[in-house]
């Protein structure tokens, strides 16, 4: 160590000149004195080891670079466990939601309606009857007298259209209508087959009508 | 004037006078003065910030001084005030010294420096007024960014000149790191301007961009500036060789290649697809080799902590914290520890320690070495330097201990769901008081340095012993 | 290294590569995320902040609230987030698609606010409670008095006045900013479980 003899800490004496410093590390000629910029010994072992480790880390924890993987352990889980199943579409539950958003106002949550005004759905022959009729009622509405479970309702308050009619209608989708009917046909002890979305689509396409149905008119539909 | 050394000089004065000392003197002193004033301002904000941690009522009645705003102002004045100005000076001087040619374009550098500082001041004013960007480490409001971008690019031109004018085609480690830093700042600011301020990506994509930019600045701008100074000062002041210097090149390229990928490790556990933080962690794992190489090359400096050389004992502090924080960056993002360290003061302290524990000591080392050569005068008061070192070293230690203690305390209490936050806060007070004390000590230390620098800038004849080598 | 051009090209290439690999790639992936349509509920998630709550978000950011409060829940098992009742599932990128610079935060000096809306309802905290807390502060949180006005009571006290004794003849009136901030806080929720946010259930313990 060649300390400057007049080392004055107030000026930080230099132990070597810049040229001397450079000459040690930086060869002046074309051929470099400090070649071998490779990684000597221990460092290159460390480098290879950590590079492998980083590769393994990425392989295990990068979730296959998917935008949908947030848990870096998904790879480990995938082999042994089921990712919680995505919510399956539940027609009845969806139908219930529709029912609760509109139908419930008249037909009530019990499906019993209001005596003398709104006919019941629970145990109704119409509700459990021909889906062709039922879909038409929901799409275009219903007016006039109707008899359910032996009681005749005058039908002063008409049922609105849930499809699309000139100047109105709830504009429900086929899926909403199919779902609400499926719900109605299987709730409150009702036992009738589900209504398919395709059936609703087909009727909506083929029937051109701009006013509510009446029961006699419906009975002509086969 | 630089050549008029005392006659008692054992080394012929003319043998090694580097032209940069005389040609760049004005720019250097201007940049260093700005740097230290910003350090004083940033340190004051850091102290307010820290006091608000244990005494939330401190300045609570002023909307300009909410905790969040003080934090943004502190970060901005420390990073873009202190680090940038000191960095400009350090790279100008180091590249000039090793290049051996007179500095060119100094006038332009001075103008750029002035405008840069206007830009930072503008940013601080906008932040105080509430224009927070919300991007950690890149808290630069849109209004200030264009000015900062342009002036940083112009300030980098002096580095480009020094690099291009170098007499020796081969380059030394210091030159690589200084050139890297000069290049990275304008580049990352342009990313901040375009991707964060002008056309921000929506959702968390912007958080990823901000993290890449902010952490990239720490790893590829702030750290290289410190390393540039340390690679120069160690052999220069001791006369010893850098051990295993042939590794230095690998160390540099490891940082350049893997460093920019490492930033996203901070996002672990957050609302990001798993690969984004995983990439960051993987890069940080490889980056350990860089820290190992720095430990081999510069580790011996740590042994100078109790030595007499001002440059070397500050350098010791810097190398020590650089290695510790390098490992801590990875450790804080490893899954077994994430629940304990993330969102606590431990994690939070790393940025502050990068600036005050790694960068600042390295720059002080450079300042104590370069200023006498630029002015031709020895420092006025060695006593002040010694006290500066003691205050600063103790200060960093207190900050580190305070934040780590508070952070660990926090995480144990976080895991007890019945303990409310209102109960957690008072228990941290003792630790956070340590941090405030540390920041206070550092402020005093900065004043010591400023006093000494004032004497250096004051006119007077050259009285340097032994030439300017 | 003596070839300057090669040196700069190397540095440029290395950093540009990571910019592409991290910033561009994630931006590409995240920007493709669409709102999630729940067929059962006929509803898109997440909700968009609107009206006064959207203005409150600006107040939240401008005050720097994110310096102490995070808005990101980590998954159950990674930390204490679910134990503290901050959320049953982790936050995912989809939660933030409508936000510019989401205030995720980095330090938890105070509780996480991701699901503050439902939590406040559960704790019975209404707007008045929260405004009062904002005015008074608590053990760890400073008061934000500058968001309120101390006014002389003219005639009857205003209905918006806080239920606080402000001295005889005075009342404390929250500013629009204060009300917007509270509306924002009450609107915060991430309660819909997207498929990708669904916590994974290991079949056996210790499979990872």
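Order of writing sets the labels: A, B and C. Residues in every chain begin at 1.
Assume a residue touches a chain if its C-beta (ideal position, glycine included) is under 8 Å from a C-beta of that chain, and two chains touch if they have at least 3 such contacts.
According to UniProt, the chain labels map to these proteins: A = Cytochrome c-552; B = Cytochrome oxidase subunit I profile domain-containing protein; C = Cytochrome C oxidase, mono-heme subunit/FixO.
Everything quoted here is computed from the prediction, not taken from an experiment.
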Using CA atom means as chain centres, which chain is nearest the centre of all the protein shown? C
Longest centre-to-centre distance from chain B, chain (CA-based): A
B-C or A-C - the one linked by more C-beta pairs in contact: B-C
Expressed in whole Å, how far the mean CA point of chain A (Cytochrome c-552) lies from that of chain B is 47
What whole-Å value do you get for the distance between chain A (Cytochrome c-552) and chain C if each is reduced to the mean of its CA atoms? 23
CA centroid of chain B to CA centroid of chain C, Å: 31
Which residues does chain B have that touch at least 2 chains other than itself? 170-171, 249, 271-273, 279, 335
Listed in rising order, chain C residues that touch 2 or more other chains are 29-30, 33, 75, 90, 92-93
Among the residues of chain A (Cytochrome c-552), which ones contact at least 2 other chains? 67-71, 74
Of all residues in chain C, which touch chain B in the complex? 1-2, 4, 7-8, 10-12, 14-15, 18-19, 21-23, 26-27, 29-31, 33, 61-68, 70, 72, 74-75, 78-80, 83-85, 90-93, 95-111, 137-147
Counting only contacts in the complex, chain A (Cytochrome c-552) reaches chain C at residues 67-71, 73-74, 76-77, 79-84, 86-87, 89-90, 93-94, 97, 175-176
Interface with chain A (Cytochrome c-552), chain B side, in the complex: residues 8-11, 15-16, 18, 97-98, 100, 168, 170-173, 232, 235-242, 244-247, 249-250, 254, 271-275, 277-279, 281-283, 285-286, 288-289, 292-293, 296, 308-311, 335, 368-369, 372, 378-382, 385, 464-466, 469
Residues of chain A (Cytochrome c-552) defined as touching chain B within the complex: 1-19, 21-22, 24-28, 32, 34-40, 43, 46-47, 50-51, 53-55, 57-58, 61-72, 74
Touching chain C in the complex: which residues of chain B? 52-53, 56-57, 60-63, 66-69, 71-72, 130-136, 163-164, 169-171, 176, 179-180, 183-184, 187, 191, 195, 200-210, 212, 216, 220, 249, 253, 256-257, 260-261, 263-264, 266, 269-273, 276, 279, 335, 338-339, 342-345, 347-348, 410, 414-415, 417, 421-426
